[in-house]
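Please read through the structure below; I'll follow up with questions.
By written order: A, B, C and D. Residues from 1 in each chain.
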Amino acid sequence: MNIDLNSDLGESFGAWRMGDDAAMLAVVSSANVACGFHAGDPAGILQTLRSAAAQGVCIGAHVSYPDLVGFGRRNMDMASADLQASVIYQIGALQGLATAAGTRVRYVKPHGALYNFIAHDARQAADVIAAVKAVDPSLGLVVLAGSALAGWAREAGLRTIEEAFADRGYRADGSLVPRNQPGAVLHDPEAVAARMLQLARDGTVTAVDGSVVRVAADSICVHGDSPGAVTMAQRVRERLTADGITIRSFMDAA
Amino acid sequence: MNIDLNSDLGESFGAWRMGDDAAMLAVVSSANVACGFHAGDPAGILQTLRSAAAQGVCIGAHVSYPDLVGFGRRNMDMASADLQASVIYQIGALQGLATAAGTRVRYVKPHGALYNFIAHDARQAADVIAAVKAVDPSLGLVVLAGSALAGWAREAGLRTIEEAFADRGYRADGSLVPRNQPGAVLHDPEAVAARMLQLARDGTVTAVDGSVVRVAADSICVHGDSPGAVTMAQRVRERLTADGITIRSFMDAA
Amino acid sequence: MNIDLNSDLGESFGAWRMGDDAAMLAVVSSANVACGFHAGDPAGILQTLRSAAAQGVCIGAHVSYPDLVGFGRRNMDMASADLQASVIYQIGALQGLATAAGTRVRYVKPHGALYNFIAHDARQAADVIAAVKAVDPSLGLVVLAGSALAGWAREAGLRTIEEAFADRGYRADGSLVPRNQPGAVLHDPEAVAARMLQLARDGTVTAVDGSVVRVAADSICVHGDSPGAVTMAQRVRERLTADGITIRSFMDAA
Amino acid sequence: MNIDLNSDLGESFGAWRMGDDAAMLAVVSSANVACGFHAGDPAGILQTLRSAAAQGVCIGAHVSYPDLVGFGRRNMDMASADLQASVIYQIGALQGLATAAGTRVRYVKPHGALYNFIAHDARQAADVIAAVKAVDPSLGLVVLAGSALAGWAREAGLRTIEEAFADRGYRADGSLVPRNQPGAVLHDPEAVAARMLQLARDGTVTAVDGSVVRVAADSICVHGDSPGAVTMAQRVRERLTADGITIRSFMDAA
């Protein structure tokens, strides 16, 4: 039995540090690497890619709206031609750096506002799907588990990876508890680890209302942007492996 | 007998237009396409790449210092790690867009201040050479004819293309007349076309002092940033082809 | 009798040119000068301000979302703290440059997507109003004639200037014909000039359905981004002045 | 007896944190606030200005080359028109935000590569001086103690503040030990505090060769970019005030 752990990396920018890439590369099997549009400068990205390659971690392009100061977290009504080309540009840039690091880009994960928006917006979702296919149709696409995007991507023929979030609460319908509501974010590493074990074993999570809901996830997203987050991610990994579950990239899984 | 004509393309940015890419793609055999650091946005670059592909024009990555507002024309003392990664990033981004356009990147040409500086600066030249090799060692590198960089690139094993400038005056030692001196820039299309014919035929140009100097050029750079420049480029092409010289990419030449 | 003519200026950026500022400064009484967020670099803005000062043209800050590549034309869901501070930053930057040019900023006009969005969005409108008041409550605010923003700005105590668009069609309710519908944009300079004379004289325009609708405008926006646009703007000015109407800034009018 | 302590603040950018502004505002009398060209986004700058205003800390514009990814630490050969206008733009932007924060900009301090370069480069120094005078000739200019710039600024009529660096070693001629040489940076808070007491009391520092050298400094620059740096800055302040020296802005000193 195996599952993937993914995390956002390469998010430093110039003189500014973010996250502990070294620590997280020892935890995850998949690294969503920033491509310069919401975070990441070329030299920093290359360094992260080299570390990921050395650790055998699978690499994904963490593509975003072009919004450094907003960290890609603001909705932006990009025209299709702009969005498609921007996604292609970012994937290509990361492919170039990955080649220089002796590795390669295996999948794409949209970031921030783009991630949330295309989970349900058909037009921009189609743009991202078209962009991925235009560069390399063998790339995987990581999406919110149970989202409309999952269906669209699969129909388009993309290898589609549905992901759950380790530190987020779920509602009875399998959707995430919105961030402005109680129970949206979980803070106890042990509880989170136990939840993710249940997810990996049974394909279920316990929702905020106590009901048990099915969440079919190929990957679990863990964060590394604070010391507490790193600890939680490590605890999730320990718990899963202690239970005999292999942490392995979805791209390596058969 | 054949020679290459190259020009800088894809230099529009967002709402701002620059140059007449459509006209120039009918003139040149090689397109130095901006990669977003001095000019070019993803959608505009992709459009230029599609046109170039349709015309069968060979594509190069016109890499630059990161300086949009300065159009890459200002010297910048980038550290080696930053310069190398920035060049790799740009080549990769263009490769991604080229793949989406059904074509591919064949060579690299440094732009503006980077072009001029690495013509003689060993450290930054080594950085650019290392970057090109790290992405794809089969890429050509376009350099100033007779520059120190030509030697360094060749020693490093890169396919090195030396280029002359159609509208620039030369000194008796084969170097360009500096822009702040008389005779630096030529304006008469007929005279320029005749000079380039001599260059292609005999491998010589007539210097500002009247002497005839050897310039071994594999390619001629023509500009397209004004209606007059386009006319001059067209005249150069007409004159060369009228004389039986084939305009052909250096990457296709045996 | 007098009216104001305003136009967007200072929209070149680095090596890229846009518009004919010199020509337009001879036409308009108010210059909406870009502040660097959608267009304009410091040196270019300063040059435009110097020309405006020399011509006695009133200066406004043309504030925008931070989106150079999108020219400020894309909606962006900026948080209030970010939007307020960004508007203040832009006004301040233009004030600094205006001081250096021997003139000063008299009003603010939101640009592009921000202009259209706050015409009806109460939250972002409140942010822009708060920003203007925080810098200088004596600044005017130029808004779409008849918009909700006009009311909000007036209630907030700002000197509020309602503007009409010379080259746009109007509907029977006084709103603009949307750009994707027939009659949205007018192209005949004579017809446009005649319409603006009617607007200045009678406070009415003829709508697309032939009805005459009241549009209370303190200012008319004319464009200068193409030779045809400049000609149209000149024609509007000629027609108004020939009829005895004085072209004068709303900030100078009593 | 009094002296000024200054530090670089407002250097966070979007989602990225840098330094501990709150802690440093309790230590210094002058805050060099980033203006968005090397660091600082509008909302973050405004927050820092509000805190500085609340603490009664004097505010300076920390102007830089336009180079976010390089944090303004890379030399850039900007043309005079561009450099002047860029400095004016930054001062103006900060003035706008300072007004909104209920305070005002009192001085200018060049940052990073610009600081080091204009300490000895006459052309760019003249550009910065001209820019400051064009916005507000009553602004002070903070410069490296003993630099050529100090003389140029004073000749130009600017109120010129010479500064020493708390954590840097000096050579027998009063210049800083270059960063790539032993003794360039000091790490012991007690030793640094004792040195700065000597500087404030006697106007001297002990150079790396043991000689006592005169350094006439109106201000001492302390850093706050790490917990250790904050501790050192606090220790310098404590030592000076314990000895009866008042920490006071040079702009308030008679």
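Please note the rule applied: a contact is a pair of C-beta atoms (placed from the backbone, for glycine too) under 8 Å apart; a residue touches a chain by one contact, two chains touch by 3 or more.
Everything numeric in this text was worked out from a predicted model, so none of it was measured.
*Asks:* Which chains does chain C share as contact partners with chain D?
*Replies:* Joint contacts, listed by label: A, B.
*Asks:* Determine the centre-to-centre distance between chain A and chain D, using the mean Cα coordinates as centres, and give it in whole Å.
*Replies:* That pair's centroid distance is 41 Å.
*Asks:* Calculate how many whole Å lie between the centre of chain A and the centre of chain C, each centre taken as the average of the chain's C-alpha atoms.
*Replies:* 43
*Asks:* Chain B: which residues touch two or more other chains?
*Replies:* Correct list: 41, 69-70, 82.
*Asks:* Assign the assembly's chain-to-chain touch graph to one of these shapes: line, ring, star, complete, other.
*Replies:* The chain contacts form a complete graph, every chain touching every other.
*Asks:* Applying the document's contact rule, which stretches of chain A touch chain C when the two form their complex?
*Replies:* For chain A paired with chain C, touching residues are 66-67, 69-70, 74-78, 82, 113.
*Asks:* Contact residues on chain A for chain B in the complex?
*Replies:* My answer: residues 36, 41-43, 45-46, 79, 81-82, 84-86, 88-97, 99-100, 131, 134-136.
*Asks:* Touching chain A in the complex: which residues of chain D?
*Replies:* For chain D paired with chain A, touching residues are 12-18, 39, 41, 68-71, 73.
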